[in-house]
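Dropping the structure in here first, questions after.
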Amino acid sequence: MYNRKIPLDEFLKQREEVLNQWSTGKEVNLEEAIEYQKSIEESKRFSSKLASAIVNKETLIQPRAGVALPNEHLKLLKYLQDEGGADLLPTTIDSYTRHNRYTEAQTGIDESVRTGKSLLNGFPAVNHGVQVCRSIVSSLNVPVQVRHGTPDARLLAEITLAGGFTSYEGGGISYNIPYGKNYSLEKTITDWQYVDRLVGYYEEKGVTINREPFGPLTGTLVPACISHSVAILESLLAAEQGCKCITVGYGQCGNQVQDIAAIRTLEQLTKEYLNRFGFSDVKVSTVFHQWMGGFPQDEAKAYAVISWGASTAVLAGATKVIVKSPHEAFGVPTAEANANGLKTTKQLTSMLKDQVFTETSEIKAEMNIIEQETRSIMEATLKLGENNFGLSAVRAFESGLIDVPFAPALCNAGKMLPARDNNGAIRIYEFGNLPFDESIKDFHRKKLQERAEVERRQVSFQMVIDDIYAVSKGRLVGRPNKGNV
Amino acid sequence: MYNRKIPLDEFLKQREEVLNQWSTGKEVNLEEAIEYQKSIEESKRFSSKLASAIVNKETLIQPRAGVALPNEHLKLLKYLQDEGGADLLPTTIDSYTRHNRYTEAQTGIDESVRTGKSLLNGFPAVNHGVQVCRSIVSSLNVPVQVRHGTPDARLLAEITLAGGFTSYEGGGISYNIPYGKNYSLEKTITDWQYVDRLVGYYEEKGVTINREPFGPLTGTLVPACISHSVAILESLLAAEQGCKCITVGYGQCGNQVQDIAAIRTLEQLTKEYLNRFGFSDVKVSTVFHQWMGGFPQDEAKAYAVISWGASTAVLAGATKVIVKSPHEAFGVPTAEANANGLKTTKQLTSMLKDQVFTETSEIKAEMNIIEQETRSIMEATLKLGENNFGLSAVRAFESGLIDVPFAPALCNAGKMLPARDNNGAIRIYEFGNLPFDESIKDFHRKKLQERAEVERRQVSFQMVIDDIYAVSKGRLVGRPNKGNV
Amino acid sequence: MEKINVVIGVIGADVHAVGNRIIDYAFSQAGFNVINLGVMVSQKEFMDAAIETNAKAIIVSSLYGHGELDCRGMGDMLKEAGLEDVLLYIGGNLVVGKSDFSEVEKLFKSMGFNRVYPPGADINQGIEDLKNDLKEKGIYA
Amino acid sequence: MEKINVVIGVIGADVHAVGNRIIDYAFSQAGFNVINLGVMVSQKEFMDAAIETNAKAIIVSSLYGHGELDCRGMGDMLKEAGLEDVLLYIGGNLVVGKSDFSEVEKLFKSMGFNRVYPPGADINQGIEDLKNDLKEKGIYA
């Protein structure tokens, strides 16, 4: 792991290897790609659109979407743009590509051609290559981002940035811990330093590519201080490699006070740490993810969850909101279902745009606790790293200073357990090795005790399970007997 | 118009006439009806369910629904109860019955039988009579209310209360001004004093019938002070006739601060005026109506509007919320669409139930202005009436002290014009004869001026029209060029 | 040139007044002379007003779902009164429930309406159509 | 009596870990001895674990949509290895997109699965079914 911008020669040497990982790698010509990127109009660039959203105090809307075949994929994106009114578009990558299993991705493509339906859960951009990407991105009127979950995303970055995408999601931590099992954190961080270096290279040549650490992590009862710490670390890592436009993210918890406090502190703390390490020229924006946990199967109920996320995103002042669809509980949505999620969201972002929402004392109190927690984690983490952000992160995970609930990655401690308090805010019930002082811990214990008393039961793993199911069963807090408390 | 409880003998004399208005009137036997009402379990009574919702800090959900034929109507209500999860049920009456056109209602019934589809926009309870009502209400597990819009609702009340309904919507003002053209306010208030006296009679015998003035009036940019004044006057009128359980209502305006302030002041002010006139034993609850103006045609967008109403209802602390369906812009919803509106709403009332929401300084400021305005109107109104609430109301409308925007009734002045301010709150742009002092008027002018400057145009009728269309076109404030401001 | 008279109103026991106010405003802005009968207007009132004012068009609104019952025989009535030249338009939420509009259109055309509009139709479309229809009749330059 | 071994895991390149944690907990609570292979489990890993632990059932989860591609040949493989007696269950979001479940069920049964569950199926139903199926085989008292 580097603790400075990767020297150009080392970077270029590594590029050769990377481009050799799959046949389409040879399509990439970096200088030509930069020229191509420069030819893209401002209105189709992520960085510009985000900047003007901040000025206009708008919350932009963006779906997730990706299918196996190029024509179908373009048709899908056009539909989401024209019918759904998406302000920003995605290209969600399939799971084989995410695990660099390009041969299996190819099988998926071939089978999809044969059966006439997409058998992949996303768009296999590496297999399709640079020209196909360009033909898609250039046919759309709004900026397009790569969204994935790829631990080693170097080749994918090379191909998609040359392919005209102007934003790239992910990070060495956020695309490892929730998205893999056996990937070494050291390796994924190093690989993502390559991606950030590539973005930094474009930046040096005058082309800004937006970078977005993946905020929600496992999407399942993640306390804000955990996802904030990961976001800040990945922002520092990206900035170090020369990225200048970063969108930090957070997945809705469902308690509005906590969600608003989270988005506001996320922005503040990210800027604070970037400034502290001399990256004050980085532009920071925020993304709010509509509920990332299990959804209700009933579509009318799913619309309610989508709406609640949309309104909270606006009231929190997020720069953009990632939208779910009413099919969420079932499977990858049809184009129609996906557009419906967008339309619901747009109605609310427009209706709420003009409303003011101030900081209540509850929001301030919640911001205060999130700040304290995040600073505790960040300071302890930075101390471990010998001025190397990557090393800090690796050691923080090793020692459980940062601990993501329900993560599949073996390098995650998995000792921390969250649960909701009586108002539905996410608190922590097993701290594992989180570096919190007793006053913070007492706060959590007190909050959970309140709930335990109301429900007349102990805080336990059963309570956590109840909370995991709650939203899909029509509640926020997983009460023992629905409706009784 | 009476200024005291109608003397029993006068009431009973009038009853004879009333029961003669249509053949089914003779089915009503008041003493037997009281016994029947007493046999209804507590859990199926409106008054009890509202009382326990207040204790449990729950917001109950209730749809609108009514079709021409009894079997179909029962099937519909059962579906809304079982599939939609309605906490309270309605029986919406058709428009012919509302205008006492029982012969035309009969044609509608006959045609509906003939064609196999409901050609009426509601349930013609008078034509169907007492026994049919009982067979419906007794087959359901939750309380059922009569919802209508009937200027002269005396016979309907006789039949439906004898028929086992435990709540009755309407009032001499709120079911005249938005629902009629040529009805004399004096006459409708007197007729509704009869209805309230009937409810008072049941109350004397130990049977509590819930009464609900119709809060939203025309549903179109109605300032809270106007609907509050009507609600308070009708509460006083009802209390005077012996009603002890009153639910005052308000139609969502869409600006959350204003909506929360409105529900809170509505409850406070109603109690305040009831106490002042010695009716401190009346139980007051509140009902929040999801957006009552023009809806978006797109169902995904309609879900957003429904959701926004649902969440505001909970955060405002309303006792119940009246639910719209995703078919709203088109026509009377199918059972499925109606249940979908309920499910969306229930998801939110449950998810938000546990969340605390305090009074922000904005909410307090808005409460303050609504209180001032309402008190101005009420004090001026009461002064006119020589201790007769009905007379107060009639004279207040005559002189435009109370003025409902876009009302069809000729007895309404129609000089006041509302428009949204820059945050989407409803303000007043033409005051007509509203009895506001200059400081209140200046507040409105200032607020509208703010918007006018942002939009670089004058406050004008075009602005009002733009506001009327706004929600159906995906905005709250009707900006001149969508998306531009 | 003198302004052309059009009669507008909401038929039957229907009290939806908001659209009516806007239709009044829009037709007036477009240069017509509007005779607005308001809400709860009977077939006969529409006819009488049209005769009295020598109106070239009757613009009926029906929002509340009883449109079918309320409009039966209206075309015939006008014809019998010798008003077959008066253009008869209708718009709003014409039947109970969300339904296939082409069916609804057919139904109302069979009842004598020249043009039939779906829920939430843009009133400016109606104005445009009226101008064209009047032009075809040689009434509107 | 000794506890019955069941192998659980999430197949393919799928990393959805939450349901897996709960299935582990639920089967353990229900008295089974759970061998949890976690996420990203290959067909062969399932088979090896079943052989090694003499498991009576393999509970496969697939959430991410590649279930069809990932499970092809799994039934045959187990049969070839002589594991035709091991009960093979699968649940989750088995195919890409919202689809007719009866089709999906048929597809996976044809691939050798004994029981196939729709999205969001209650895991307790799976436990119930397993107990019954084991009883039928005379394994579970």
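Chains here go by letter, A, B, C and D, matching the order in which they are written, and residues are numbered from 1 within each.
In the analysis below, a contact is a pair of C-beta atoms (placed from the backbone, for glycine too) under 8 Å apart; a residue touches a chain by one contact, two chains touch by 3 or more.
Keep in mind the model is a prediction, meaning the values are calculated, not measured.
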{"item": "Rounded Å distance, chain B centre to chain D centre (Cα mean)", "value": "55"}
{"item": "Whole-Å separation of chain centres (CA-atom averages), chain B against chain C", "value": "30"}
{"item": "Distance between the centres, which are taken as Cα means, of chain D and chain C, whole angstrom", "value": "66"}
{"item": "Overlap residues in chain A, where contacts from two or more other chains coincide", "value": "none"}
{"item": "Arrangement of touching chains [line / ring / star / complete / other]", "value": "line"}
{"item": "Pairwise chain contacts, counting only pairs that touch as defined", "value": "A-B, A-D, B-C"}
{"item": "Residues of chain A defined as touching chain B within the complex", "value": "254-257, 296, 298-301, 303-308, 310-311, 326, 339-348, 350-358, 360-362, 422-424, 471, 474-477"}
{"item": "Interfacial residue positions of chain A with respect to chain D in the complex", "value": "95-96, 98-99, 101, 104, 107-108, 111, 117-121, 149, 178-182, 218, 220, 293-294, 297, 327, 329-334, 337, 406-408, 461, 465, 468, 472"}
{"item": "Residues of chain D touching chain A in the complex", "value": "12-18, 21-22, 25, 38-40, 64-66, 68-69, 93, 95-99, 119-120"}
